[in-house]
């Protein structure tokens, strides 16, 4: 609520802009990649783990925006990678190249990048932000739990292994099944995202003493996305709640009260 | 209908737009985003005597044509607001009105008394209409005699002006408005979210833990227009409209119905820069009018 | 939530859908159009003791996201209804429930007593919630004690079952529902249109001559869901939902919230064949469900 | 309310159908002509003066349908002719050939056709129904008060004279200015439509004794269009109200209380 609760940065860095869609791909049906044109004022702030709030055209329903992680950036553009889940993403999936979207951002706190190698563990579309993380940090291994997740998330050469519940892409099982041989100590940082139940299971596998290395990319139903509506609460270990949109979406695992957290 | 400048509590504003409680924090985030242009005044999120964590999430659920919220007056409590929020808010380029909620009738006056020790608030909004808490909230607003009592206690606790934010969900809003005036209120806010709910028919469960929440939507504008109109005829104090604004036409309609100022809330979730967009739209529409009548509704 | 057959007042229906008062006449037009399929029962337009011309037009004004009406209980009066309407309605393939309105508490019982001389109505809906008349209407519905009195008088006047149609605009709907049950009502209808208004900001004038009217819209569904849920927990008699239905999901949501039957009103203006369309949609959705829970909301 | 209040006809004649738009023309900007495909079940009932209720796609707002007169019929189609006035007609004007519209009708009572020659007097788009009238009756003269009305309404050879307030199409003035030389007695029937104020002015010019020949095509804001909502009231000379949708839209002038009638 006071200035110190929000990500550091210059006033005015969060802007609401109309942005051109310069490319649209749907390699896997129902999973859409949109490239949006952006200038340095946006891209310089688009650090790994931060997100944008996209207005769903033509309006006014759905009423509130939809949050999406900045999936990767280019010299004059960035990408969103999303799954069609409901009417908002459905409408967004119909966006055509050349049209414009209203985008607010970059928003939130991203990953704390203080050197060292990263282990990425993600379920579902949570991994949409990993490509951006690998652009900025040394990513050693990705363990993903989604059909064709490795192909989709395009981690530029980072070793990637994935599993799906129904075996539709290689092995059948849960992400946790892939964690047995993971050399946890080799990684200075662990990025974790996905459904809350899956993240809880992963947290139980993290060797004692290493959970301090885990940074969680959280999801919550958002109203504003910029810290005022108190809609996006994530239970805090210290009691009360964190705001996913400004205390997160990337939150050190130790700050979360995993017991109380039920997810979106 | 005033076509500007708009006057409230002795101050002139070149915009009729206030930011509604709970949808703009204390205005600091929008200030940093450079989006306070077009704003006459910010109404803060609710402040209570003691800190409140708020309701168990999820707190926001969208329905096909609107938004349900169940925030539950999450706030750090009046002492923390005094210690760290209001000093920061002294940098706001626009006046701040602090929204106050309570569990008992006395709470409101206590919070206001404490807040009076800060030079920052220009006035208060007394929230007797929150649909998202069991004690207090709408229960107070439903009874004109309680509204009058709260108003009297607050009037005795401060010399600053205050508006009483009424509930559309129970009791008679018009009688409560008259009671607020009688009790010494300097305005009434008409109104708050409507009691609403959604149920997942597949599971029989309500996504909001408390079941019901506060519903807001641009589709509710006609409900606010009616209540502003009826309240306007019942009281002499200013009526601050709150509910359903999503376009410049909506702002003008509420003014035409008798509102002194117009609050925008949920629409800020869609458009954080709404105030300036709406104000520019309002100016354009007014410019297009020749011989604008001075009606206040029928 | 019942998934059919649906039962009201000892009758079984293979649809949960009733046509709401004032939006389907006495069902005769839809019968001639062959559009009564999917309808469990028709609730007639309001019938009063004396003929009423209704309000000065315009009576229907559309707003961006809904409809305002100010019909004002136009009807030919109970004697004419008995003489020519009910005999024609005896040909209806579905049961008829007659909606009754009054200027005084006694009116309701008098109208019901007269209607009882016809074999056609299977029951009554006692409308204490019309927002479009000054006397009677919502004024009765706002006071639980008046609701109880009206219910007692009607219960004494007929052995047929009756539902009391409550107002969301004033007083406490939940208390009024309990009062209706206490007074002998066989159901409550939750609820009626919400008080609404639109003003032309260019002229300051309201298109409806009375200023305010009754507002309906699919966007109001969450308001009805909340009121059905709260009423369901307060009374043992059936709750008939009325307000906001525009899709099969809406019907199921109201049932899941605790409604015994669901009325469709304004949507008939868009889709006169709505009942069958909705019923088919409901069946499809229910077929798609495995292990449907028996929840009644949280 | 009882069966006798409605137009005679077989049960089920009013149907709600999806109809294909086979042609769209906009000769004068803002005035659109749509041709809709229809079968004999519709066309046989589409007598002059009756109307349809058109659902505005894609929905659900505007919520209620919009009423339009059946402008003319062909062997397997009929035409609507309408002016873009608000958001409903705006959306309808965007209809493309090949798309479908949901149409309820034919609705209401049309002109009483009992032989004899017709004089047509119309203001604004009220004249949209005159072509259909001239298809079925002997029309002798049309006096129209709208810009390019004669051209638009396409009265298949019926002498037509028009006037506009601003003189944009020929003479400047009111319809009533054209009535001076009209040989009223030569016409057994007079069809009158347009804004209520204009119709009142015309009624004052109708020679004493001849007002019984006037049939008014009325407009009112409609809810249902099929007689149940009591929304479309027109004040009745006998007291109370007529329903525009089922007592009309064509109503003998003598049945209307002109004093109380304010129009839409």
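A, B, C and D label the chains in the order they appear, each numbered from 1.
Please note the rule applied: contacts are C-beta pairs under 8 Å (C-beta built on N, C-alpha and C of every residue); 3 or more make two chains touch, one makes a residue touch a chain.
These figures come from a predicted structure and were not determined experimentally.
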Distance between chain centroids, defined by C-alpha means - chain A, chain D (Å) | 59
Centre-to-centre distance between chain C and chain B (centres being mean Cα positions), rounded to whole Å | 33
Chain B to chain D, mean C-alpha position gap in Å, rounds to 48
Overlap residues in chain C, where contacts from two or more other chains coincide | 64-66, 217-218
Would you give the residues of chain D that are in contact with at least 2 other chains, written as numbers and ranges?
-> none
Touch graph of the chains shown: is it line, ring, star, complete or other?
-> line
Mind giving me all the chain pairs that touch?
-> A-B, B-C, C-D
Chain C residues within the chain B interface of the complex = 1, 63-66, 68, 142, 170-172, 194-206, 209, 211-212, 215, 217-223, 225-227, 229-230, 249, 252-253, 255-257, 285, 289, 292-298
In the complex, go through chain C and note every residue touching chain D.
-> 22-26, 28-35, 45, 53-54, 57-62, 64-67, 69, 71, 74, 76, 84-85, 88, 217-218, 246, 266, 268-273
Under the touch definition given earlier, write down the residues of chain A that touch chain B in their complex.
-> 1-3, 6, 11-12, 14-16, 55, 59-65, 104, 220-224, 226-235, 239-241, 262, 264
